Each structure stands twice: as C-alpha cells, then as structure tokens.
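Heads up, the next two complexes both have chain A, just with different partners, chain B and then chain C.
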Partner chain A sequence: SFSFSPTFTFSKFQILSRIPQPASLPALDISTNSNGPKQDSLMDDDPEDLFAGATEEVSLDSPERDVLLSDGPSPAITPITPPTSVIAPRIGHIEEEEGGDSFDVHISVSDPEKTSLSVFKQRDFSVKRRFSDFLGLHSKLASKYLHIGYIVPPAPEKSIVGMTKVKVGKEDQSSNEFVEKRRSALERYLMRTVKHPILLKDPDVLQFLENSELPRAVNTQALSSAGILRMVNKAADAVNKMTIKMNESDAWFEEKQQHFENLDVQLRKLHASVESLVCHRKELSVNTAQFAKSAAMLGNSEDHTALSRALSQLAEVEEKIDQLHQDQANADFYLFSELLGDYVRLITAVKGVFDHRIKTWQKWQDSQVLLLKKREAEAKLQFTNKPDKLQQAKDEIKELEGKVQQGERDFEQISKIIRKEVGRFEKERVKDFKTIIVKYLESLVQTQQQLIKYWEAFLPEAKAIS
Partner chain B sequence: MFLIISLRERTRSGSASATKRDQHHVIFFLIIISRDLVTLSTSCHQPFAAMMQEGLDDGPDFLSEEDRGPRAMNVDLEMDATLQVDISDALSERDKVKFTVHTKSTLPNFKQNEFSVVRQHEEFIWLHDSFIENEDYAGYIIPPAPPRPDFDASREKLQKLGEGEGSMTKEEFTKMKQELEAEYLAIFKKTVAMHEVFLCRVAAHPVLRKDLNFHVFLEYNQDLSVRGKNKKEKLEDFFKNVVKSADGVLVAGVKDVDDFFEHEKTFLLEYHNRVKDASAKCDRMIRSHKNAADDMNRIASSLYTLGTQDSMDLCKFFLKVSELFDKTRKVEARVAADEDLKLADLLKYYLRESQAAKDLLYRRSRALVDYENANKGLDKARAKNRDVLQAETSQQLCCHKFEKISESAKQELIDFKTRRVAAFRKNLVELAELELKHAKGNLQLLQSCVGVLNSNT
Partner chain C sequence: MMEEVKDVSAGSVHGDTIKVTEVLQDGDTLTFIIVSQKLSGTGEYHVDRTYDDFEWLQQHLYTQEDVPGIQGVIFPPLPVRPQVNASAKVMKQLGFLALGEWQPYCRALETFLQQVVAHRLLSKNPALELFLTSADPPGRQKIKKNLFNRLSQAMEEMRKEGHKDVDEFFQTVRDQNLQLTGSSRTAAEKFLDVVLTEQKIAVACGHFSAALHLCVEPGQDPDHKAFSRVCVKLSEVFDSMRKSMMSFSLNDLNTLGLGLDLESRHLEAEKEMLFRRTCKLVELESARRNAERAKPVRKAAMEEVKKASETEFEQICEVAKQEPLSARPCGNAAEESDSVV
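Our next item is the complex of A and B:
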C-alpha cells in the first residue's frame, strides 16, 4: 500500500519494493517488431545474467501512515521466491557530515548461496556511502561501458542550489524534501545499476557494494576541472553528431533511433504536465488548509448552535482532506513524476549509446579511407625506386588492415550489444511503466476511498442542522 | 433552440415594422419554449454560437440538483401565487446580458396576469438603489444587488486559446475549447441565478413587493432608460460611503440599550469579516482544484499520443490510462464546479446579505442618534421656552421613526437568521451529497481501470 509522510526520520525510512510478478517474466510479443531471425535469440535472457528471474518493484512505505490507510484493499503482494537470488538495495539517510550527505546502503540478498559472487555470501549487510561516491561510481561505469554499447543508468543530478541549502543547515520542510528526493533517486539509481547483469559483475560495482570505506571520489564536483572537461566533451559530441552522416544499412537501428526520439519528446511533455500537477496539488493542499481554518473561525462566530457545530465539522473535514491532497501530491511525485524523469534521463543515455555506435562506425570508415589512400600511395611507390619507402608503406598498410578489421569487429560488437541492451531496456521499461503506474493509480483509489469516508461522516452532521 | 434564434432575428431585423402584436407573439413563443427547457439557452454572437449545442450537453446534469422554477438557491422562500417572478431566458451579447424577466401575478395592479420584459443589469441596480434611497424602507434588510456579469476572464482565456491553436494537437484544442465553453456557460448561469434571486427576494418581501418602482420594473416593456451613474454621481456615492463608514465607527462604539440589537451588532460585525475571509479562501481552493483538473487533461492527451506511438504492449496500456485520466478529469472538474456552486456562491451571497444587515443596523443607529439629538433639542427648547412645539413635533417624528425601524429591524434580523441557517443547511447537505457522488464515481472508474490493467499483464 502506498503511503508517504514527510515527517519521518530518515534513518528509519524503509523502502521496500514488491511487484506482482510471476517467477517467469511475461513473454513479450516482439514478432511485429523484429527485423530478422537474429532478433529472437537476442531477446532471450542472457545466460550470463545472474538474476534472470529477478523481480523488481518500486513503492514507498512508511510505518507511521499505514495505520491510516490500512482499511482499503491492500495492493501489497506476497513476494514469490524467484529461482535465483534477488538483490534488493535499500537506502536510508544518515546525518550529513562535512563534505556532503551520507547514505546508508542496506543490501539484502535472498538465497545468497545461489550466486557465484563472493560478496553475496551474507544475507544482509550495509555500508555507508557519500553522494559523491554514487557519482564516482557512475562516472567510472560510464567511461568503461558507454562507448561499447551498454546503457549505463544515469546518476541523480547534482543540484547546487539544493545542496547549499542543506549545507547551511536549514532545517525546514523544503530541505527535508530535498534530501528525501535525493535519497529516493539514489535508491532507484542503484537498483537499476545492480539489475544490469553485466554491470553487477563489474569490480567497481562490487567494491561499491561491499567495501566498508571508499576513497573519496574526485572529479565529481560540478565545477571541478573534470566537470568542465565533461561539459566540453558533451558539447563537442553534440557538434560531431550533427556533422556525421551514417549510411544506415540496418533498418532496425534507424527504426529504433526514431522510436527513441519520439519517446523522448512525448515523455518530456508528459513529465512537464505531471510536474505541473504535483505543483497544483500541493497548492490545493495549502489552500484547503487555509480554508479549513477560515471555516472554523466562521463556525465560531455563528450563533446558531447546530450550524456552528456543522461548520466546525466542515472545517475538520477540510483539514483532513488537505492532508490527503498532500499525500496524493507526494504519490504524484514519487511514483509518476520521478518515473518519467528517470526515463527521460535513461533515454538520453540510450541515445548516447546510439551515438557511440555512429562514432565507432566513423572510426572504422576513417581507417578504411586511410587504408585506401595508403594503398594508392603504395601503388604509386611501386614505380619509383625507393625500396625502403615501399617497405614502410607495406608495413603501414598491414597495420591499417589490422585496424580496419578491428574497426569492423568493434562496429559489429557494439551493434550486437546495443541490440541486446535495447531489448533488455524495453523489457524493463514496459515492466516499470506498468507496475509503477498501476501502483500510482492504486494511490488514487485510496485517496478516493478516504474522501468517501470523510464526507460520509460529515453528511449526517449537515443534516442535523435544524 | 434554432427556433429561438430565428425568432429573435426576425424581431431584430423587422423591428421597425413589427407591430405590438407581433412582439407579444414573439414573447409568448419565447415563454412557451423556454418553459420546456431545463436549462437556459444562450444564443450568442460569433465564436460562441456552437456553444449552444455543445455546452448544453452539460445542461441537465448541471441543474439536476436545482429545482425547476425560481432557482432560489440561497434563500428559503415561500412560493406565493399572488406574485411569482423569475428569469425565463437570457441573452449574452458582446458586452452585455439581457435578462427576460417573467412575471405571473393575480394582483390587481398589473394589467395582465402574465407578462415578460427584457432588462439589463443596470436596471436591476437602479431598482436596488431606489430601495436604498427610500426612507420608508430604512427598517428592512434591502436584498443585496446582484453583481455585475463578468465574462472578462473567460473571454480572455478563450482568446488566448484561439491564439495558441497552432501549438497544440487538434484533440487538445477541441477539449480545451469545450472546457472553456462550459466555464463560460457556468458563469452565465450563475449570473442569471443571482439576478433572479434578487427579484425573488423582493417579490417575497411583504412590503417591498408593493413598491411602485418594482412594478414598473416588472411591467414596463420599454427600456427604462436608466443610465449608469456618471462620474459626479459615482463620486457622490464614494463620499457617502466614506461618511457612512466613519459614522459606522462612531455608531458602533455606542453601546445599545437593547440587548438584542447589541448582540446582533457584535455578531454581524464579526460574522461579516469571517464570511469574507472564508469566501476568499474558498475561491482560491477551488481555483487550485480547477488547475489540477486542467493538468490531468494535458496528461490524458500526452498519454494518448504515447499510446498511439509506442510499440509493443505499452500502447494499449497507455491508451487505457489516458482514457481513465480523461474521465477522472471530468469528475474533478465537476467537483470543483459543484464546490463553487454550493460553497463559494453561498459564502459570497451571505457576504452581501450580512453587509445589507449591517447597513440596516447602521440606519437604525443613525435614527437612534437623531432621536437622542431631537430629545436634547426638545430639552433645550423647553429650557429656553422657544420653538417648543417645533421641537416637540420633530422629537415625536424621530421617536416614531426610530421605533418603527427598531420593530421591523428586529423581525428582519430574525428572518435573516432563519434564512441563513436554512440556506447553509441545504447547501452543506447538497455539497456533501455531491462530493460523495463524485468520489464514488471516481472510485469506480479507477478501480475498474486498475482491474482491467492488472488482468492484462
């Protein structure tokens, strides 16, 4: 069941996720979208995937609010033990120290014996990590895997404004909310990262999960030299993308690229609308609270006793409703809005991976062109009497031939990996959207049920006015 | 509908040659047709002509909770066969609204038993002001004047929508247009209801209903040629109000001998301020609600586009959720509209009525002060033994006036309380019932959608 209260203490906050999924994932109908027989085999679970049967979920529970919402039909589902281990990271927040927030990362693994990785012999363990550690992890993974075609989940963004507010020590609602947003974002980030079968085996990831202390990650500050270098590279990439025109021989890639472009546009639009809804719902909550106070005052000054009492009751109802709106606004945000925000960022990563493929292709083409030039030069040298230059040319040609072959292999490799990654990504996306949106709708259901309860309690009071 | 438009057109174009008989026929026809309509017809100029067809889809629902006949929503009035007044039709033109005031009466002073005239807002104000200025009515709560019809905000929004037509999809545009037209229609209905309530209150009042100006207003079928106040008169009004409020402060300070009035004074002062506050906060709350509903509209559109574009089995999913958001948005908009009708309008109306009651108390206090001054004058005259008779008559007049006002004021204030309690009860009960109805409807929509989605995955 969904519930969320902004007044909890962070270290006690639990994030449990349970999805209603059978042990085997639903078979996707990909036949309409395939471009050839090659497709089918790639869509199957990678035998390397340790967590092929893993289930995932997202929901926020807070023990304090469960009391209020336990009446309705609870959408919580009993977790089914999957055939292999499930790793479920949970993140709590510890008091900040100098240099930024620290987070408690609790890892719980079910059936640790079934994994072949040494670190997961324990059932439950936790480590302390700083925000910059997460960023550092992401930057390492990005540099290792993005350019060969793996979709590395993007880390939460640094927000200078929000951070300074927290550092100054402003103990207010908005800074609490900021920390909670960050904590929640980090948890989703980590979950996505460990869900990726290849990334989970990466030594940096394992080190992140198991080491008690991590060296402070450098080069993650927004305004550091490394940060600026990153920004420059990003700009350069954007320019390059515009100038490279690739002869796309594979229709699959063209179609997918278009698909992600469209998805990007639509998700951004939807995200903006949902953000607006969150904002207005919060406004509604505030205005309802104010009206409640005003109605109470009116009830006080009304000199007809029965009407006065009814007005006070109305004020109470509106006060409860304002809390309801607040909770709903949080559901709007944490379930719906953040889902969309995450996917907008993920799709940027996907587009980046496609761009890398184009770059790889370009490299391959460049070395092919160079080889051609060298061959022509060699042919010309044949007619001159310069045996040492000829030999040099022949050597260079051999080297370049190797490069061309490597370039072709790289291109094919990245294409293959992207195909698999996109398949995995789309599967995840469908799962994520379906489960999270259904969970969100269930939160709407609960709100309506509460509303009914409140108004049903008020109606006899109103009728009692004589 | 079309019948009405064409009839009006005929009268307008052939006005020069139309005989009185023709006019009566037209009016008669209007009455017959209008009586059969549950909703008001709104035939307007250019861009809103289509509204007639679309906007009325909301019609029956909108008024389902209101009774036929006088839409006396905030007042609890007895239906009296001797004089029934209502607004049977209304026409919204570019910058003014024309109300068709329909009267049914068995009173002898009217030439016919049933008749209608067309009146504009300024003529209502003229009638109201004539009551205020009439010394004989000083002891009554004068029914508050209806507020000026204000379509500016709605018109502006429609204009902005027209300008931004290029930037949104056709479905979005049609949806938003429908919403705005529904809003326009709602404002229109409200202003008609408020004008009608004013007339009904006057007709129900035992003394005011006999007022000659009121009869002229009801019966005289030519334009009353009431011009709006010019600058000079507005300035005079302004000064009068300043004097009144200054006076009010002085008079409020004087403790009343009569417990009843002392209590009423303290009560009304506080009540009026709190109703004002509650009314403002209520408006803000409803506006946020409408904004949230608008967002849901946009979300529904985006989900729809995603549903048509996306591949695999997310399509159907998105389309279903989009449909849900569309339906739930309509419910939310209806909730906001009902809260507006039942709560916000109620508070606004009692803001005006409590002001009118305060004005009554003020007039009484003024009369009391005059009476006390006349007493002092009489004492002085007796002491000097000059103009005693004059002073005596003046004192007697003041005394009589004060007592008359006090007596009727007491009854008026008791009636005010009765009316207020009844109106609040009616509206609060209806508000709660509507909120329940909508929440249950919403719940069903959501649950069935979740059920379908869960069974599909």
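Our next item is the complex of A and C:
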C-alpha cells in the first residue's frame, strides 16, 4: 500500500546542457556575487524543446536512496545530470527563531563522472537545510528571474500555527502531519526548481545544493513566498491602476492570459472539492474507529458465543478498514490536494510573469515618450544660443535612445522567454497531472483490493453465527 | 376485496409471508401496502394502512386484559412515527429508519407484524386479524384502557429500576439486558455516523467529478487536449466512486444498520417488560408488608390484596420465562429472536 516514509524518491531526469562546442564546459559564473546569468547566453537559439531528451522515472516503491538508474551510453553532447533529491526531516533540534525545522536534503546523482560541475562529483551526499534557507533561496531566485520572464516555482508558505505547535514540542498527530506536509512541500518545491534548466545552473541553487552550511537567510519575514506573491500582486495592481491597455500586438499573449485566468478558476474549484473529500474521508476514518470500539463492546456483552465472536471479528475488520480509510485520505490529500494547491500557486507566479512583461512594455513606452519630449526640447534649443545646454540635450537624447533600444530588446526578450516558459510549463503540467493520477488510481485499486480481502476473510465468521 | 372477518383466533394469514411492499406518499401522509398470503393457500390479502392503524393495533395488543401475565410479554416494538421532511430531532429518533427512502422503515414494520403473528399469546388477538385482512382500515378511535395507563405510569417510576430481584435468574437477565441495551444503542448510533459519512463522501466525489468535467479546454493545442482527456477520464473514475460509495452506504443501511436498529429496539422492549415485572415485585413486597403489619380489622382485606399481587406476579414471571430473552443464564441454549442480526 501507499506509504509516506521520510525518504521518498521522486524522479530522475536528464537535460541536455547548452554547450556550444561538445568538449568545453559551459561558462558558468559560480561566484556568489553574480547577479544571475549574463543576458547574452540566454539568447542562444534553442529550437528544440529543452525536454526532448528527458527521461523521467518515478519510483512508487519506498525509498531507497540509491534507486538511481544508470544511464545508457553517453550521447555526443555531455549531459549534465541533475541530482535526485530526497528529503528527510530532522527534528531533534528546534530552533528558536523563525525558520524552525531543519531538514536533511539527500542528493543522489546518477552519473557523477559525467557532470561538468564540481558540485556533483560525489554520488550521494546530504546537506542540512533550514526551512528559512528554502525561503531564502526562493527569494533570491525570484528577484533575479521573475522580472525577466522565468516562472520561478513558489516556495511553501510559512504557517505560524503549525510551527508553534511543533516548537511547543507537542508530539501529536496534527503536529506530525504538519511536519510531513511541510517536508513533502519542500521536496516538491526543490524538485520543481532543479528541473528548471536555467535555475539549475544558478549559483545560488548550486550553493544551496552543495554547501555544508549556508549563512542564515536574513529577514525571511520579508522574503516568504507569501511576501513575494504580495509584491507581485501589488505590481500587477499598480499596472492595472495605471489603466494601460497595452497594445497587444501578439494574440498569443492575449489568448494565454485568458487561458491562465480560466485555469486558475478551475483549479481553485477542484482544490476546494478535494479538500472537502479529504475532510469527509478523515471523518469516515474516525467514525469507523468509533464503530469498531462499540462493536467490540457489544461482542463482549453478547452471550451467544458465535455471535459474540463474529462481533469481535467485525470490530477488528472495521479497525483495519479505518486504517485503510486513513491511507486513502492521505493519498487524496498528498496526491491531489497538494498538487492542485501547488498549481494554483504556480499560476499566480505565471500571472506575475505576464504582468512583468506589461511593466517592461510600459517602461519601454515611457522612455519612448521621454525621448520624444527631449527631442522636441532639443529642437527648440536649436534656435536659442545656448551651446552647452544644447550639448547637454544631445547627450541626454543619446542616452535615451540607448534606453529605448534597451527597452525594446528587454521587451522582446521577456516575450520570448515567456513563450518558452509557458510551453515548458504546459508540458510539465500535463505530465505532473498524469503522473499523480496514475499514482492515485493505483493506490485506489490497492485500497479496494485490500478492502475485498478483509471482507472475504470475515465472511466465514459471519456465516457461522447461525 | 371484502373478506369475512373470522373470529378464529389462529388467524388466516401465513406469518412469514407478510410483506410491506410499498409506501405511498400523499403530502405529509404515508400509507403502507401490506400483502400477506392466506393460510388456506387461496390467494393474498392486500391492505393499506397508515401509522395510526399500526398504533391502533398496538394498543389493542397492550389491552388484552384476559390474558394472564400479559405484562410479562415482550411486545414487539413499533418504530417511531415517521415524518415527511422530518425535523432534526425526529431524524435522530428514527435513525436508520429515516434513510433509504423509507425502505428500512417498511422492513421494520414488516418485522413488527411478523413478530406479532408469531407470538403465541399476541397472535390470538382479534384485532390482528382485522388489521391484516380487512379491506377497510380498522377503527381509528384511541382506546384508553387501564394497562396502557399503567404502562406509562410505570415509566415514570424509574427509580424502581434498580430494585434488587428475588430471583437470581431474573436478576442476571436484567443485568445482561442493561449492558446489552447500552452497547447496542451505541453501536447503532456509531454505525449511523459511518453510513451518513459514506453518503457525504459520495456527494463530495460527485462534486469533484463535476468540477473535473468543467476543466475541459477547447482548442487544438496538444497539451490542452491531453489535459482535457486526463480530466475527463478522472471525472469518470470519480463518478463511479460516487456510485460505489452510495451503494456501500445503502447496503450498510439495509443490512447491518437495520439489524442494529431492530436489535436495539427489541432490547428496549425487553427492558420495558423487565421493568414492569420489577414494579410488580415492588408492589408485591409492599402488599406483603401491609398484610403483615395490618391490624386485625384490615388483615383479611390486606391478605386478599397480597394474594392477588402474588398471583399476578407469578403469572408475569411464567410468561416472561417463555419469552425470547436476550440472556439465558443457567446454560439454556440461547434462542435468538427474529430481530437479532
């Protein structure tokens, strides 16, 4: 049956690196001061889909850290095989400040020899990361990539209530569930991040994966994903308030924007449905357990031995079924509910990226308007006898012309990147859903089969009553 | 169809064949169609009855003064009055019987009638024959007779319930009954919760299925088409989950649910009988004391009262011993009544 042990192998994947010549390594700036990859390297024409060569394996069974499938013979272009990451919670030590739990991140690399980055020389290693580290990573990536059009996966949100319970040391069902939920969310977050071909190469990501210790992320309050989303939304609102109806020359963007609006609404509805389903299943589990107890009591009170034995057996069966209901509820939750939640948040990031494009367009338009003004002013100055002012005007104009050109380039680039990102996102979405649904159906089948087995075992007892 | 009302007490109906085949709803009134096979083998009786008619029958059964020790009988329990669009309180009282579109309720009525016909003392009541065979509904006047009043009076004197028994056999039966009544009521309540939650899950699956169906995206984009396909398939899965959950809950309702309900109501009826007997015992003991302490003037009268009380009590005990008791101490083979699952 479907179990959630702490180490849960997610997936392994390959991507083709963008190396211009087969033999050389990519020019990657690993210094921590870099502000993200240089713009030029992103302009490579990459006609093929980045994921054309991707193989994905999902392991349903429980967790072996070395379930890594070895690759076949290496193709001409050296692949960078990004790590499989597996996360186990390490709770012994609860920290005092915001940031709470520490987690062990286990990283396994399938072909260390083949990688061209120093990080991945080891086959298996693990690092310890705090929750705030994850948030810190996300905030850095968001500030670097969101505004140029990359869909940066949102980090899990902080929960004051949940964290407080864990801090207080409450060893109960709900705080265990909370930690598991958080662990699972972090794992999904990290996997989404490293699956992104650009993000994987980011020095902050690499540092996150390899450094034994990370400096404590400062002021994670301001950097929580909710905070980022709020900033994105504020930006979006600001854009709307300026009542720019952007002259959308590209129907593709309009269509996609509408599409994502619809998708957002639909996914939220689905999410609400699933939450209600999960809630009822949990209720069923509780009720079944209570019924089992009362059936056992009834069995004890009964004189008639066959009946009393049957009732006791019934109570046992119902207890087992209660466990099944719980497992099913977990499956509903962890598979669907969390997936839908993730996608609702992802779509917010997508919408943010679209908004950034509009902002970029606006900036470009603004500098064009300013240029026009300056040109007019310069024209006027031509007739006055103020050579230094004229020169100044000419200088300003030159500067502005540069700005306008840059603005146009920025706009084109963000549009281009968004197109690619959306294409990748859509493909991922379908894959994700398919995978989850397959997992879910399999768990459903197993649950039903188990249910049948329990009842079939009980049948002879029931028949023996008379 | 007009049949002669026979005054032969054995009844002309085959008890096991009694079926409540239909329930008709007219506004707020429910009418039940009862079909039974003639003993003579020449056909069937079809009658329609309302709950009032059932109550009429029950009262006639209670007021059989001519049967000695009638208070020792475990009267087959009649379910609570059904209500269309019931209030929450009534729903709780009805429990399982309120669900499943009155089908379990019909089964409960059936069981009631079958048990009455099967009872060696109650089946002789002419009211039963009238009820089962007469085309016209039997009289609907309320009959207030002594026994009925005494029954309700007895209910008020709950403190007598714990009164110690003179008979070890009955003390054991009373103790056992107390335990069983509590356990079976709890089990029935908990199982009702399970059944109701199963129904809620079915509804939630339905909602999810509908929401998935709305996720179908138009257009030729291969990703969109793939996603739509996945959603439609999943929607079908959840729809069949809904159906399966509904059928689980209906099955549960009609089998264990109904069984637990019948069992717990039967145990309540047994409890009432035992209580009546206990009250009689208290009455007897006080009559004995009165007879002892009576001044010679009143002595003879008190002795009469005591004798009458003794006889009544003995008759009740006799009758009670032959009833299908839930407990059979002294090692007798336990005979389960029809209503026990």
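Convention: the second predicted complex is superposed on the first by the 346 of 466 C-alpha atoms of A that agree within 3 Å, B and C clash if a C-alpha of one lies under 4 Å from a C-alpha of the other, contacts with A are read in each partner's own complex, and residues count from 1 in each chain.
Rule of thumb we're sticking to: contacts are C-beta pairs under 8 Å (C-beta built on N, C-alpha and C of every residue); 3 or more make two chains touch, one makes a residue touch a chain.
Computed from a predicted model, the values in this text were never measured in an experiment.
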Q: Mind checking the superposed model to see whether chain B and chain C fit together on chain A or clash?
A: clash
Q. So, A:372: does it touch chain B (first), chain C (second), both, or neither?
A. neither
Q | Touching partner for A:455 - first (chain B), second (chain C), both, neither | A | first
(Q) Touch test for A:246: chain B only (first), chain C only (second), both, or neither? (A) neither
Q. Is A:463 contacted by the first partner chain B, the second partner chain C, both or neither?
A. first
Q: For A:442, decide between first (touching chain B), second (touching chain C), both and neither.
A: first
Q: Report for A:276: first if it touches chain B alone, second if chain C alone, otherwise both or neither.
A: both
Q) So which chain B segment collides with chain C once the two are superposed: 8-16, 26-34, 116-124 or 170-178? A) 116-124
Q. Can you pull the chain A residues that chain B and chain C both touch?
A. 259, 262-263, 266, 269-270, 273-274, 276-277, 280-281, 283-284, 287-288, 290-291, 293-295, 297-298, 300-304, 307, 426, 429-430, 433-434, 437, 441, 444
Q: Over in the complex, which chain A residues touch chain C? Could you list them?
A: 259, 262-263, 266, 269-270, 273-274, 276-277, 280-281, 283-284, 287-288, 290-291, 293-295, 297-298, 300-304, 307, 426-427, 429-430, 433-434, 437, 441, 444
Q) Within the complex, which stretch of chain A touches chain B? A) 20, 26, 28-30, 32-33, 259, 262-263, 266-267, 269-270, 273-274, 276-277, 280-281, 283-284, 287-288, 290-291, 293-295, 297-298, 300-304, 306-307, 310-311, 314, 426, 429-430, 433-434, 437-438, 441-442, 444-445, 448-449, 451-452, 455-456, 458-459, 462-463, 465-466
Q.
Quick check on the complex: what are the chain B residues that touch chain A?
A. 263, 267, 270-271, 274-275, 277-278, 281-282, 284-285, 287-289, 291-292, 295-296, 298-299, 302-303, 305-306, 309-314, 317, 321, 324, 328, 417, 420-421, 424-425, 428-429, 431-433, 435-436, 439-440, 442-443, 446-447, 449-450, 453-454, 457
(Q) Using the touch definition from the top, list the residues of chain C that touch chain A in their complex. (A) 176, 179-180, 183-184, 186-187, 189-191, 193-194, 197-198, 200-201, 204-205, 207-208, 211-212, 214-215, 217, 221, 223-224, 226-227, 230, 233-234, 237, 241, 326-328, 334, 336, 340-341
